[in-house]
Amino acid sequence: MGYGDEGFTIYDLLLWAEGLGITLWIFILSTVIGLVLGVLIGLVRYYHITILGKLLMIVSESLKNSPVIVQLFLVYFGIPALLQIDMTPNMAAVITLSGNTAAFVAVIVISSIESIDRRQLEAARSFALPKLVILRHIIFPQSLSIAMPMLVSLAINQLQVTSLVSVIGVIDLTRVGDIVNQRTFEPFIVWPLIGLTYFILAKLIAIVGMRLERKFSAYRLVGEL
Amino acid sequence: MLDLASITEYVPAFLDGFIITAEVSILSILGSFILGILIALMRVSSNRFLNYTSLVYVDLFRNIPFIVLIFFGYYGLPEIGVYMDAFWTGCLVLSIAVGAYVGETIRAGILSVEKGILEAARSFGFSKFQIYAKIILPIALTISVRPLGSVFINLILTTSILSSITLNELTGVSKVIASTTFRPFEVYVFLVIFYGLLTFMISALISLWHRHLNRYLGEEAS
Amino acid sequence: MIEIKKLHKNFGDLQVLKGVDLTLKPGEVVSILGGSGSGKSTMIRCINGLEGITSGSIFVDGFDVSNKKELLEVRKKCSTVFQQFDLYPHLSVLENITLAPVYVLSSSKKDAEAIALDLLDSVGLADKKDVFPAQLSGGQKQRVGICRALAMRPDYLLLDEVTSSLDPEMTAEVLDILKKLAREGITMISVTHEIEFAREISDRIVFLDQGRILSDLPKDEFFAGDGGLADPRIARFLSKMGEFNGQA
């Protein structure tokens, strides 16, 4: 097929490794930032800090209910045009995915705190335990255990979402697939390999997630023995 | 801000995009629904081959990003002699991918049908097919209206990815509008709000429908 | 001393407590009897500030419950044992007991654990110190609940229907411990429907009916035919509970 038909080279492997690195980097960075932000947003909403809570709710609802691809365009093309600043594709990717993750984490945080039995919080208060101690020693460990399965499936989902950053020019795993595919015209080799890479990454997250789930829910599982 | 005249100039293009989004969504919802029922039935079947095949199907399509699948379909299908445009490729790949999620959702619904109901049905001498067609699936689907609703809302949001294989649906036309007006911020904020309202309205309708279908279950369903 | 004066408590339009006056001296054991809806649990929840009061006042050793800062002192002085145990499910038995001493009384972890182990030993649960609450029976949970309350070295122990979630056998094992505590001279307010238990441990019995105190008498007078029992409402309640206890 003429010029494009060059076959695979060793550089394709390097390119793959580089794309994998970028994908992982964006995934880890945005997950960590998203977790921290999401927990903060969740707490602000749980403790009913009114105006801030409402504002955050509107933002996080829009993030959950619009396509990530549009959010990426908004951050990469829209914000630099509005504020007259420079933005690299990688920056836009991390900002967008962190915000998106945070929106989902916030919902998980609130629902898991609310599913803790209210009466033991009363018991804790009746013993004069300070708010922060209750938060750290009673609310946090239990909601973490309840939230863990939801957080793991969120993480697996967000790994897939990272593939969208390819549309704003981040050279991630998907973009590498696109580049190699355009050059070699071998979609039946390129895309299954790229797909397999994502599949394996997802399985790794699931395995780590299952360990964490077990670790944090020991107290709930013993009762069923 | 854009002045009014220049906004109206882009309304027809935006509507065209909306219509394409709507068409792709409706076709793929139908496609994924049919596939999903098949997958769900295979998942709960006692036939080991069907069971395993459907398990692999679900595992694969839930763990590979949609954009990878759509590129594979868009560039791969012509290689094996199947020529489809971006629209139909989109419908096909969306149906296949979302079918995995629909299958798992319906499977959960099937598993939550009480055993007693099945035994009662069996005791009346219904055939296996009749039990599934008349009893299990109707109950499972009724229970699953709300979770299926969120799967389909996700499908609608996912159609935006088809803009990357040159389909001019909502996101695709907005990209063009953003670059011709040099107003990307306003255009994309509007688009975020538009998708948000769209999904909000759909999920409100689904909630109503769910409550209506499950009204005989009393409080716990709503 | 716990001093409750003209205590009113409303939930919306519903008046649950309609002017309750009650004084509890150190060393006293008082049981509060009354039918369901008489407001007895609400009263005990008001003492440690779990319910805000609508009007009136509650002072514990001079500390005002409705004052946010003083409430903290009140809570250090009063420990509650709850009807549903309400242990922290994610903490071991030992951690359940030591949490408040460590973070409220600033005890060292070592001291708190030593005290907790002593308490667990005294209720016969020393071997359960490392298990989670889910692994205990109801009676065992409530014994841990009692240890958790006692670990705070409270001046007052508030018991909120501590046996009503337990079957008779487990009820007995919990009541035995409480009887021992009463003999040791701890100050207690106990909301209960266990008449026999009330008769055995109490110095005084207070009968609540529809949010008001109907009688507040020394134990012997309460159960005497010309004392509390002279009131038909009390007699009816006691005979009903007697039947109930008999059946159970």
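Note that the chains are named A, B and C in the order they appear, and that numbering of residues resets to 1 at the start of each chain.
Quick note on the criterion: a residue touches a chain if its C-beta (ideal position, glycine included) is under 8 Å from a C-beta of that chain, and two chains touch if they have at least 3 such contacts.
What you are looking at is a predicted structure, and each value in this text was computed from that prediction instead of being measured.
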Exercise. Farthest from chain B in C-alpha centre terms, which chain would that be?
Worked result: C
For this session: Pick the chain whose C-alpha centre of mass, unweighted, sits closest to the average of all protein C-alpha coordinates shown.
Result: A
Seminar exercise, completed: Highest contact count belongs to chain pair A-B
Problem set entry | Separation of mean Cα positions, chain B and chain A [Å, integer] | 22
Seminar exercise, completed: Distance between the CA centroids of chain A and chain C (whole Å) is 48
Exercise. Which whole number of Å gives the spacing of the CA centres of chain B and chain C?
Worked result: 56
Exercise. In their complex, what parts of chain C are in touch with chain A?
Worked result: 48-50, 72, 75-76, 78-80, 82, 84, 86-91, 99-100, 103-104, 131-135, 148, 152
Problem set entry | Complex interface listing, chain A residues touching chain B | 61-62, 65-71, 73-74, 77-79, 81-82, 156, 160-164, 166-167, 174, 177-178, 181, 185, 187-188, 191-192, 194-195, 198-199, 202-203
For this session: Spell out the residues on chain A that touch chain C in their complex, using ranges where they run on.
Result: 117, 119-120, 122-130, 133, 137-138, 141-142, 145, 218-220, 222-223, 225
Problem set entry | chain B residues touching chain A - in the complex, by the definition given at the top | 60, 63-69, 71-72, 75-76, 79, 153, 157-158, 160-161, 163-164, 171, 174-175, 178, 182-189, 191-193, 195-196, 199-200
